Structure formats: structure tokens, C-alpha cells
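One chain, subunit A, appears in both complexes that follow, with subunit B as partner in the first and subunit C in the second.
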Partner chain A sequence: MVGSPVLFIAIPLLAAFLIPLLGFVWKESIRVLPGLVLIYLLALSVSLLGQVMHTGTIVEVIAGWKPPWGIDLVFSPFTGLLTTVMLTLGFIIWIYSYRFKNVEFEEAKKYFILFMMLITGSVGIVLTGDIFNQFVFIEITSISAYALTAFYKGRDSAEASFKYLMIGSLSSMFLLLAIILIYSQTGTLNMADIAVRAHDMKPSFKVMIVIFFLTGLGIEAEIFPLNGWAPDAYSQAPGPIGAAFAGITVKAGVYALIRIIFTLFDVQGTHEFLIVIGLTTLIIAELSAIRQVLLKRMLAYSSIGQMGLVLVAFGLGTREGVFAALFLMVNHAIIKSLLFLSGSYLVYNSTQKFISEASGMGKHLPITSFLFSLGAIAIVGMPPFAGFWSKWSVLSAASDAGMITVIVLILLVSIVEVVYYFRVINQIYFSRKESHIEPKRPTVNALIAMISLGLIILVIGFWPDTITGYLQAAADTLMDKGKYIHDVLSTGQLLIP
Partner chain B sequence: MDFGLFDLKIVEYSFFITAVVVILIGLYGALVKRSLIKVVIGLSVFDSGVNLLLISVGYLTSGTAPIYSPGLLKGMPLTLENIKKLSEGMVDPVPQALVLTAIVIGFGVTAVALSLVIRLYRHHKTLNIDEIKNLKW
Partner chain C sequence: MNMIIVLFALFLGGAVLTWLADKISGILRDGLFLLTMIGGATLFFLRIPTGSSVDITLAGLHLQWGLTPTAQVFSLVVMGLGVLAAIFAISYMKGKERLGYFYFNFLMSILGMTGILLSRDLVSFFIFWEIMTWSSYFIVIYSGKDVQSTGINYILFSAIGAYAMLTAIVMVWSQGHSLLINDMVRNFPFYPPSWKIWIPLLFLTGFGVKAALMPLHVWAPGAYTRSPMAFTSVFSGALSKMGIYGMIIVFVRMMDVVPQGAVIRDVFAWLGIITAILATIWAIAQDDARKLLAYSSIGQLGYIVTGVALGTPLALMSAFFLTIMHALFKGSLFMVVGAIERQTGTTYLNQVTGLIRKMPWTFLTALISIIALAGIPPVGGFIGKWMLYESMITGDRYILVIFTFFASTAAFMYCYKFLFGFFMGQEEKEWEHVKEAPAAMVVPPLLMALFAAVLGVFPGIILRPIDTAMQGMGFAGSGGHFWQMSTLFNDWGNTIAMKPLAIAVTVIFLLFAIFLTLKGLKETRYTSTKDISTSGEVPLEEENLTFSENFFQPFLRAVGPLMKYRIMVWYRQLGSSVEATADYLRRVYSGNGQTYAIYVILFVVVLLLFKDKLFG
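The block that comes next holds the complex of A and B.
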């Protein structure tokens, strides 16, 4: 298949602008076009990923300006894996929301435009090799995320969105400050070139830049003091957008943070800092989750906790740790999306989304309840499912690194996780339905989307070898900083469009 | 003491100092003010401060625009050395390109923020941040 990495950004962006125009000609096209775009990009990304596993990283030079002058896109096993995961989730979320809001044409149009912008931004963050370009993609992602959070007019969504916007725009200014500092010190914006020149930089400047980056990117990656927006945004946004935040945007944020820390600057003590901040995030989020009475807020806190665990695994700094972190990211994207998609049907008809409103749904919505329980069991890490393998690899990586305290804390927090997820399963199956609640049957599209996510969980759970090969290659790529710099700056494979 | 050089240094630093002062004013507005409109104005001022800082990184006192034209050579032959000499007197164009992008992004964020403020006002009939707390802040 002929295709180059630039299509991952160009096509969804073009689709976002074409949707309102095509809507005049054929109304159904606003729903069909995003799906066509996403399935094409998914096929392209799978085939390119298979190609780079054998031939090595593809570096695409935009408009013939070679790095370090122009913008380049890097499709390595690492970035390719994340792109594939994001596009898979994007496609499944599209299936789920195909008939979503089937009455209002205008609303659906806005939804799909913003959704395509969200995909463009997130994939762009992962693929780009230019730090300012990454800032622009982060802003594209954030602005469409603010607008999608405020999608429903009836709820308190504007409040959640404004809160998100305040934190988001302040921290993106810090990101810009960090980029200014880098440019004034190194005179370049290309990531590989910065990584080469960062050696000559004063240590105090390096520390300041890394702190600005942590502040700026921590918001997308849901690091502890900066994640105040997350529970509100997740609970007020539409269900599929909650899944998109957990599966797509947050992953892009974590990617940007990891790229800064692993490739650009090797500041003494950053890895230890990641472990400490990750554990803090994990413990505080899980302890908050157990106190929640609203289903979506509980899922949001659980999502923050999982991101904390990912940071701990990255902070170990070993190859096993990076492998475990990537495994956890992939699993969390799939499982948390399933939980958000099925959970929003369990509490469909209420504005408040109390957990108690899901009582007795096991009898009335058997498939949805079963899939939610599957997701809950998988995410706490019960053996035959996907979550087990990732949590196990985090623990074994921590034990290889000799961090007993980390293992003990992770296991203790897992008990908390089991308690609050099983409380929900208990409500679903062993309580009586509240009489005033009408169960809402999921549409066929939603069922297809949820069942395919469930199947992916089972496949990864029983045959983890299907993806571990890709994860190993991705971990090797991330750890090998010299190869990244060489690949970009030599641009051995010039792919000028 | 070379007063002329001293004077130029003052001019160069004044941009940085002004940028930092503007950033601090913006932060004060965004974090302390209780009216939503003032908060958005604060964000916008913060944005301008960062843009000014970005511009001043590439600024040269008495530099020229980074555009080559044959007239600039003033009869000198077109050699690499002469072009290099010319480029030393030019301001760095990269920060200016970045600032153009950053201004557009800032405009977009401000527009979204103001539209959200309108929604909040219609919903709550107030712009006071303390009275809008259906969700836990």
C-alpha cells in the first residue's frame, strides 16, 4: 500500500473541513465520511507499522526542507504503535457514535468535525518531530477537547469545559515559555537537533525547561496536581468522548512528556521524580475513586490512577519498565474505553449518573452489563484478561529494578481498585432495579463497538504474544536515543511528497 | 563608559522586563479576579506577554527585516561572505513566524472561552466565579 505519514494529519484535517460542505449535498455523508477516513488511516497505519518493523524508521520531510530546518514526521515502531492504537479506538468510537444523536443534523455535524480535529491533533502530537509543531497539535487537541466537553447544553458541561480551558490554556503558555527557552539556548526547534545540542546547555536551564514542560504537558497526561479538570470533563462530556479522552488524548499527552524526558533532556533525577509523582497520582486518584457515588467520575479517577501507574513504569527507566508502561497504555486505552462506552448505557437515563442507578441492570441489559463487568475485571488485573499481563509486567519490572516499596504500594492500591469496581458489579447483578428507571437498550452500532473492544481484551488476555512483539520493538526504539537522532538528522530515507 | 552601548543594552533588556511584567499582570488577572470576563482578559494578557517574550528573543537592536534583495548588497559582489555579513544585521525570522501562529492560537482559545462564558451566563445568570459551583472546584 502506498502512503506516507503525512496522510495521518492531512486526511482527517481535510475531512473536518469537508464535513460541513458535504452536509449540504448529502446529509448522511457527515456520519459516513469520518468512518471511511478512519478505516483507511487504520489500514495504512497497520501496513506502515508492519513495514517499519522490518525496514526501520520512516522519516518524512515536509515540503523538501530537510531537518533540522523543516518539520519532519517520524514513523518509528514506537510512534507507529501509538498511532495504530489511537486510530483503532477512533474507529471503534466512530462505530459507537454513528447513530448517536440521530435526530439533530446540526449537532451531529459539530460532533464529527470536532472529533476529526481531536484525531488530527492527537496523531500529530505523536508523529511530529518538531517541538513547536507539537505545541500547535497540542493546542488543536485541547481546543477541540474543550468544545467537545461542552457538547451537551443541558448539563453543567460549560462549567466543566471552562475549568478545563482555564487550566489548559495557562499550562499551554508554560509550554510556549519552555519552547522559547529551548530556542534561545539551542537555536533550533527540531527535536533530534535539540537532543544533540542539549549537552552544551547549562544544567539550570535544562531543569527549568523540564519543569515548564512537566507543567505544560502534565495537564494532558493527568499528572496529580494538574488533573482537577479530568473528573468534571469526563463526567460532563458525552460517553464516547470520555472514551476518546481516556484512549486517545491522554495517550498523546503521555507520549509528549515521555519524548521530552527520554529523548530531549537527560536531567539527573527526572526518573525518580516520575516515580514519586506517578505514585502520588496513583494513590490519591484511587482513594478518590473509592469515595465517588457517580459512575463517570469514578471511571475518571480510575483513569487518572492508571496514568500514574504508567508514569511509575516509565520512571523505572529500564527496558522492561518501558515495555510494561507501553503495554499498560495500550491496555488502558482499550479497557477504559469499553468501561466508558458500556457504563454510559448503564446509567443512560439519568442526568446525575449515580452508581446506584445501575442497580439490577444485569437482568435488563445483559450484554452491556456483561461487557462492563468484563472491563472491570480486566482493568483490576484478574489473570485471564488483558489487564493482568500489563500489571504483571509492571510489577516484574519494578522487582528487577529492586523497588520493593513501589511493588507494595501498587499491590495495596490494587486492592482499593478491586473494592470499588466490584462494588459496581455487585450493584449491577445483585441489587433490585429502582422502579422509576427505564433501561435504555444499546443500538446495534454501540453493541458492535463494545463487543469488538471486548474481543480485543480477550485476544490480548489469552494470546498476549500477538502484541508483545510490537511492544518490544517500540520499547527498543524509545530507549535508543542515538538511533532516533541518527534517523532524523541523516534522513536516509527521504520521502519527499 | 560607552554610553551608547549602555543605552542599547537598556533597550534590549526592557523588552524582556516588559514581557515578564505583562505575564505577571495576566497571571494576576486570571487567578485572582472573580469575574469570568476579567479572567478571560487575564488569559489574553498572559498570552500577549508570552508572545512579546518570544519576539524579543529574536530581536536585534537596529536590525533589519530578514529579507534578501539585490539592493541590500549596495554594489558588493554576491559572495557567501557578503551574504553572511548581511544576515548578521537581520533579526531572527523564526520567532516571528512562531508568534504569528501563537497569536492565532490565542485568538482561538479566547473565542472558545468567551463563548463558554456566554453559555455559563445564560445557565447561571451570573458571572461571579464563586456562585458557579455545581461541580466541585
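The block that comes next holds the complex of A and C.
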């Protein structure tokens, strides 16, 4: 398929603006259009990914301004993989929410506009090669995420959204500070160029910048203690948006953080810091989840914990570590989305979304319960499902790096994870349904979405080689910093005097 | 295509199809289930010869599946018991809910066990191990009772064991990037010194959980009791043996190169015996036959662990032999309990009495199996025990012998309780309606019991494959030496010493049988339990006067102090303190936006303050 990376940003953004206009003409179009856009972009990204695997990174220059002056988009095996994952999830979430709660036209319009913006922003964060541009995309993502969190207009969701907004604005502040510092020190905003010039930068500035980025992007990537907003936002946002947060937005945040640490600045100690902070995040989040009584909140903590694990894997700094982290990101995106999507049907008609209110759903919603259990078993890393392979790669990467303590901690936390997920499975299947709860049967499109996620879990579980090739290429791309700089800057003249 | 892959595909496909067929028709489902199980077993025995292997690459890892002689011995247990339990299950499970689910998990657990035995590398070992774990977990919670306690206990301990094993596996992986078990064993002497202790210990933790070795056994009584008896026979007979299989790999093939190996051996031998003693005492105290057998299983596995841990050729042979014997008699006993449960609706020994006339075949099965369990000649259990004693005595471990002897003597008490409680005693009106179980529930356990009896007379049948297995592990072939060197067991008649004994046993048995028959011919007066007047007190209607009530009370009072300490209490306290800590930690997420903002600021401030230390 012919197309260029710029379409990944232009088309959804355009669609977001077109939705209200087309809505005047044909009401159904607001629901149809996002799907068309997403399936087109998904096909495009798959074909481009296949292409870059052979021919190497595509660098798209916007408006003829060559890097380092203009904005460029980088579609490498690494960014391409993340884009593909995000778009896949975006498409599946669209299928799921096509008839989402049968809300009114106005509501649906807002939902889909914001959803398109969320996709635009997240994909933009991953593709862009310009640090300020990335900041803009982070803002786009965040603002649509705030609005989506408050979608239900209840007191709780408004509160959650406000907390998110508050912490999010702190994030923007630190990001902006960091970018200003970079610009004052290097005089450039192009990431590859910054990476070249970072060597000449004063070490103290470098450390300051990295700290500001760690804070600002750490908020997006949900690291402890910056993730206070996350449990509230996840549990108050609509189910599919919870899935989108776990599968799309957070991944973009982690990407940005990793890009800063791996490509832009090689400050000593950041990798160790990632391991420590990742483990802290993992341990605290999983321990918080064990006594959790609200289903979505439990999933949120689990999600935070998994992100911690991803950071640990990145922090190992080896190629195997990066491979493992990417594998985890992909698996987590798929599995956690399945859990959010099916989980929100399990507690559909309950007011409080207590786990106990999902009791006995195994009888009433057999397929949904089955898929939820599949997701739960997969995410704790039981073979032969997808989660096992990523857990294995993290552990083997850690053992290659000689970090037995890390392995032991990860596995101890995994025991906690096993316990709380299996408790929920037991509750779903073997407790009596609470009498006041009316089970809500999932719509056909929701079923299709959930089943396809379940199938992906099975496919990766039984035949991990379907994606390991892409993951390895992506890991190689991320590790090869020189090639990134070369790829980007060779499209334009070097600014180096 | 390689037959091993076909076998796995057969089990997996059969399991899924059986589940799906549940929606269509019951007969189709049962048929598919039996077909898969029997077909799989047939394929396994006919088309997968020892030594065949297949290599696969998955996710960049080199995996290898193949059949070793050791695995072959265990596969006899898995496949044989699997087929018989499957036939039993069809009849036992008739009319219950969620049968598709049950059969699916049944087949998956068989797949898991077969896979473990066929794995020649650690990752596929682990994968199949986990498949076995979750499928058996789903059967444990099948009844829907105590899922949050028994079920979670089981999965929690399995997870602890599995992750201990996984840690060991990644440690092995980091040394030379090969996952093959043979490579591990070969390279083991070159591992860092501390690893030479940690890796076996971590593996043994994992295997100890499945073999229900104290103190990792706490899941077992509940899990054995809660899963349907058709599966419990597999659970106790075959699934727990996977732990033994793993231990054999560790103890036989790795331990000798470690200087501290002897100490670890001793520790595990003692753990095994302590398990046997305590579990036996607990078994005596049980009134529920399922629980009694569950504790008895834990105890019996204790002997086997001791045998493996001692690791001398004779001890190992006894471990192998006891493994097979235990599968035979415990499998059949659990099925007996299942049949009784099905016919009477209860498994409590102090409720059901006098079934001997109503369920004669079941009684016969139970009788032979109990004799095997108690280790009385001429049924096979004796031979295994004898080899164990002999190996201990030749190794000068007299204290172990005494303890073992105590445990196996005490085991007589629960054997007696089981047999007597169900089958003897007054015939109560309440149980008049009870009939013999259908053939499908009688024949499989009876076959196993008879086979156990045959093995007692001709142990060579099974000792030969065991001998091959041991040769496969590098022991010198015994050439029949082991089952001939002892005067007490041999091929019946090669040695003079055995003959008079055999004749005496037979004659006494026959005379006793004649005596019983003659006595039974006389007019018998039937009374009910309530037909008594002791010390002028007339018992109340609801008072349980079944003689098995409060059985062995003096004994239990005597061992009472021993039973006061329960490790479960400690585990529970540990668990709840962890959860309480977690709950306390959770308050970090106060739900207050201002607090979260302060966290962010604090984070930056701390990073900036310590920036020289962190990012120097």
C-alpha cells in the first residue's frame, strides 16, 4: 500500500474535525468514519512495517523543511511496531464501542472525536522526530484523555478527570522546562540533532533535563510515585477508554521516556534508576491491587505494575532487555485491553463496580467471563498463553544481566498477581449472582472485538514467532542510536559547524 | 510429522472438541472424551518408542521433546491411570453440570503430564508443568465449594513452586544459554559454587509443592478432597508423581557433584519421613474418607521422597516401585470412595456402615488396595516398603528405619478405619437401598487392585522397565540382581526360604475363608445401632453411635500434642500480615489530588537533591 507516515497524523486529525460536519449530513457517519480511518491506517502501518523491515527506516520530512530545521516523522521498525500495535488496539476498541452503550448522537460524537484525537496524539508521540512536536502531541493526547475520563459526567468521573488534569499540567510544566533547557543549550529541537549535540552539553544541564523529563514523562508512563491519577482515571473512564489508556496512551508515554533515555541523553545511572523505580512501581502497584474491591481499579493497579515491569526490562539496557520490554508492551496492550473490555461488561449494570458484583457472571455471561479468565490467566504469565513468553524474556534478560535479585522480586510479585486474579476468576464462576444485578449481554461487535483479542493471545501464546521477528528488529533499531541519528540527519544537511 | 507433536495435537484438539461437544450432545462429548484419552494412550505406547525425539525452535529457544526410559516408567502411570480414570469418570460424573469443562481440564492435565514426561528441555517442562497446574486447579474448584480458600491455597502454593522453578530455570539459562536438561546436568559441575546449592533447592521447592512434601503440603488435603473423585485418583496417583519425577532428575543426576549434596539428601530424606509420620497421624484423625486418603497420599509420597533422596540404587528402585504401587492402590481407593459417594451420597466413615453385602465388588477392590497400602505381603506394596527398609539398613540409617517403621505401622490404623468404617458393622436401615455401583465404576479400580496384587507376586514385570530406566540414568544394570538378592521377594520359588512362608500364608487364608463361610451360614441376628442400652442410658435418636465415630480416640489423645502445631496457622498469619501491609501501602493512593501533586513535587525535589548520587 502506498502512503507515507504523515498520513498517520493527518488523517485521524482530519477525521476528528470532519466528524461533527459529516454528522449533519448522515448521523451514522460519526460512528462509521473512525472505523474506516483506523482500518486504513492499520493496513498502511502493517504494510509500511513490512517495508521498513527490509529497506530500513523511513524518514518523512514535513513541508520540505529538512531536519534539523523542520519537523520529521520517523517510521522505523521500532516506532512502526508501536504504531501498529496502537492502531490495532484502536481499531479493536472502535469495533467494541461502535454501538457503545447506545448513547445519544451528541454523546457519541464527542466520544469519537476525542477518541480520534487520542489516537492522533499517541501515534504522533511515537512517530515524531521533533521534541517540541512531541510535546504538542502529548498535550493533544492528555487533553482528550482528560475529557474522556470525565465522559460520564458524574461526580466521581469529574473528580478523577480533575486530578488527572492537575497532575497532567504539572507534567506539561516539567516537559516544557526540559525542552526550554534543551533549546537554550543546543539551539535545536530535532531529536537526532539533540542526540548529536548532547555530548557537548554541560553534564549538570543534562542531568537537570533528564530529571525534568523523568518527571514529566514519568507521569504519563505511570511510574511511582507520579501515578496517583491513574487508578482514578482508569476506573472512572468508560471501559473501552480504560483499554485505550492501558493499550495506547501509556505506551506512548513509555515510548517518549525511553526515547529520551536511550537516544537523546546517555546520562550515567538512568538505567539503574529505571530498574529501581520500575521495581518500586511494580511492587507497590501489585500490592495495592491485592486488597482492591473495585474491578477496574484492580485492573488499573495491575496495569501500573506491568508498566513498572516494562521499565525494569528497559532499564536492563541490553538488547534482550529491550526485546523483553517491547514484548511486554505488546502483550500488555492486548491482554489488559481484553481485561478492560470484558471486565466492563462483567460489572456493567452495577453501580459501584465492585468485584463482588461480578459474582456468578460465569453462568450469565459465559463468553465474556471466559475471555476475562483467559486474559487473567494470560497476564499472570501462565503458559501456553501470550503473557508467559514476555515474562520469560524479561526473566532471561535479567538473568543474562546477572540480576538475580530482580528476578526474585519480579516472581514474588507475580505470586501476588496470581492470587488476586484467580480470586476474581473464582468469584466470577463460583459465587452466587447478587440478586439486584442484571447481567448485560455484550453486543455483537463487542463480542467480535473481545474474541479477536482472545485469538491474538492464543496465537502469540502458541506461536510466539509470529511477532518475535518484528520485536527483534524493533529492539535492534532502538539500540542502534547512531543509525537513528544518521537516518534522520542524512535527509537534510548537517547543522554541525 | 513427528508422533510426539501428533500426540500433543490429539490431546489438545480432543480436549477442545470435547468441550465444544458439550453444547451438542452428552453422548458425543463422552465419546470424544474417551476416544481422546484411549487414542492418546494407544498412540503413546505404540508409536512413541524410547529414545525418539524431536527438536523445535520456538521464540528463538531450542526445545526438545523425547522419551527417556525414566519418563517411560512414569508414563505407564499417567496413561494407565488416565484411561481407567476416564472410564470411571464417564459413569461417576453422569448427570453433573459443566461436564465439558471438567473433561477439557481432565484431558489438559493429562496433556500437561505427558508433556512433562516428554520434555527434554526446561522451558517446555515448565510450560507443561503450568498447563498441568491450571488445568488441575480448574478441576479443584469444579465443585464450587471453598474455592476461595482451597482453590487459592492450591494455586498460591503452585505458583510459589512454579516460580521457584522458573528462577532456577533462568539461572540455568544464563549459564551457557542451553535449556536442555542433559546440558544442565552436564554443565552443572561448572556452575558457580553457591548456584550449585540454590538451583537444586529451587527446583526441589517446585517439585516438593506438587509432591505435597511438608511444609509445602498444606494445599493437598483440601485440593484432593474438593476435586471430583474421578480426578482425585489421577491427582494423587499420577499428578503428584510429577514432583517425584522432577526430584529424580535433580537428586540422581545433579546432587552428587555438589559437596553439600549429602546434607541436602539427608534433609530431604528426613522431610519425607516427617511428612509420612505427620500425615499418617492426621489421616488417622479424619472421618471423611476423602480426607483420610488425601493425608494418606501425602504420607505415601513422603516415603517415595525419602527413597529418591537417599538415592542408592535400591532406594531409588523402591521409590520407582512405590510410585507405581501408590498410583495403583491409591487410584483405586479414591475410585472406591467415588463409587461409595455416588451410591450413598456421603463419604463420611462415621455415617456409612455395612456396605460389604451391598457393594461386594467394591469391597473386594478396597480390601486388596488396602492390603497393598498397608504393605502386607503378598500384595505389591510390601515389596516397595521392604526395598526401602533394606536400603536404609544397608546405608546404616537406623533412626530413619525406626521412624519409617512407626509411620507404616501407624498407617495400619487408618487402613483399618477405612475398611471397617465403610464396609463392616451394622447394616443400618438408612443404607438399605444402596446397590453395587455400575460396572464402569467397579471394573477400573478392581483392575488396578488386581494388578497391584499381581505385582506383589511377580514384581519383575515392573522392575525390569525400572531397571532399564535406572540404567538410562547411569546406574549399573542390576541384571535381576535387585529383586533376587533379598530372600523375601523373588520370582516366587527361586529361593527356598520363601516357599514355606507362601504356603503358610495361603493355607491360613484358605482356612480363614472356610471358617468365615461356615460361620456366615449360621442364622444371623440383625440389630440396629440404636438397639442397645448401656448403663441404663438410652441413646438419643440424633446421637451418632456408628462405631467409627471417635475411632482411635486414645491414640489421637496420645499424639494430640504433635497435632497441635499446624503450619497452616503460620502460613495464614503470614498471608494476612502481607495483605495487611499491602492494604496499608495502598493508602499511598489516598485519592486526594493534592497529595498526588505533592508526590510529584517531592519526586522532583528528591531527584534534584540526590542528582549527583543518582546520575553521577
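The rule we apply is simple: the second predicted complex is superposed on the first by the 487 of 497 C-alpha atoms of A that agree within 3 Å, B and C clash if a C-alpha of one lies under 4 Å from a C-alpha of the other, contacts with A are read in each partner's own complex, and residues count from 1 in each chain.
Keep this in mind: a residue touches a chain if its C-beta (ideal position, glycine included) is under 8 Å from a C-beta of that chain, and two chains touch if they have at least 3 such contacts.
In this text the structure is predicted, and so the values were computed from the model without any measurement.
After overlaying the two complexes on the shared chain, residue contacts for A:Arg291 are found with subunit C alone; subunit B is out of touch. In the superposition on chain A, A:Gly482 makes contact with neither subunit B nor subunit C. With both structures placed on the common chain, the touch criterion links A:Phe132 to subunit B but leaves subunit C unconnected.
By the touch criterion defined above, A:Ile219 lies against subunit C but remains apart from subunit B after alignment on the C-alpha atoms of chain A. In the superposition on chain A, A:Ala147 makes contact with subunit B only, not with subunit C. When the two complexes are overlaid on their common chain A, residue A:Leu170 makes contact with subunit B and with subunit C alike.
Legend: residue contacts after superposition of the two complexes on their common chain; A:Phe162 is shown touching both subunit B and subunit C. Once the two structures are overlaid, the count of subunit A residues touched is higher for C than for its counterpart among subunit B and subunit C. By the touch criterion stated above, A:Ile180 is placed in contact with subunit B alone, subunit C being left untouched. By the document's definition of touching, of the two partners only subunit C reaches A:Ile407; subunit B does not. Subunit A residues in contact with subunit B (one complex) as well as with subunit C (other complex) are 159, 162-163, 166, 170, 228, 232. Note for the complex: subunit A touches subunit C at residues 159, 162-163, 166-167, 170, 174, 207-208, 210-212, 214-215, 218-219, 225-226, 228-229, 231-232, 267-270, 273, 284, 287-288, 290-292, 377, 382-384, 388-389, 392-393, 395-396, 398-400, 402, 404, 407-408, 411-412, 414-416, 418-419, 422-423, 426-427, 429-430, 463-465, 468. Listing the residues of subunit B that touch subunit A in their complex gives 27, 30, 36, 39, 43, 46-47, 50, 53-54, 57, 94-95, 98, 101-102, 105, 108-109, 112-113, 116-117, 119-120, 123, 132-135, 137. Note for the complex: subunit A touches subunit B at residues 132, 136, 139, 143, 146-147, 150, 153, 156, 158-163, 165-166, 169-170, 173, 176-177, 179-180, 183-184, 189, 228, 232, 236.
Residue ranges on subunit C touching subunit A, taken from their complex, read 57-60, 123, 126-127, 130-131, 133-134, 137, 141, 144, 147-148, 151-152, 155-156, 159-160, 163-164, 166-167, 170-171, 173-174, 579, 581-583, 585-586, 588-591, 593, 595-597, 599-604, 607-608, 611, 614-616.
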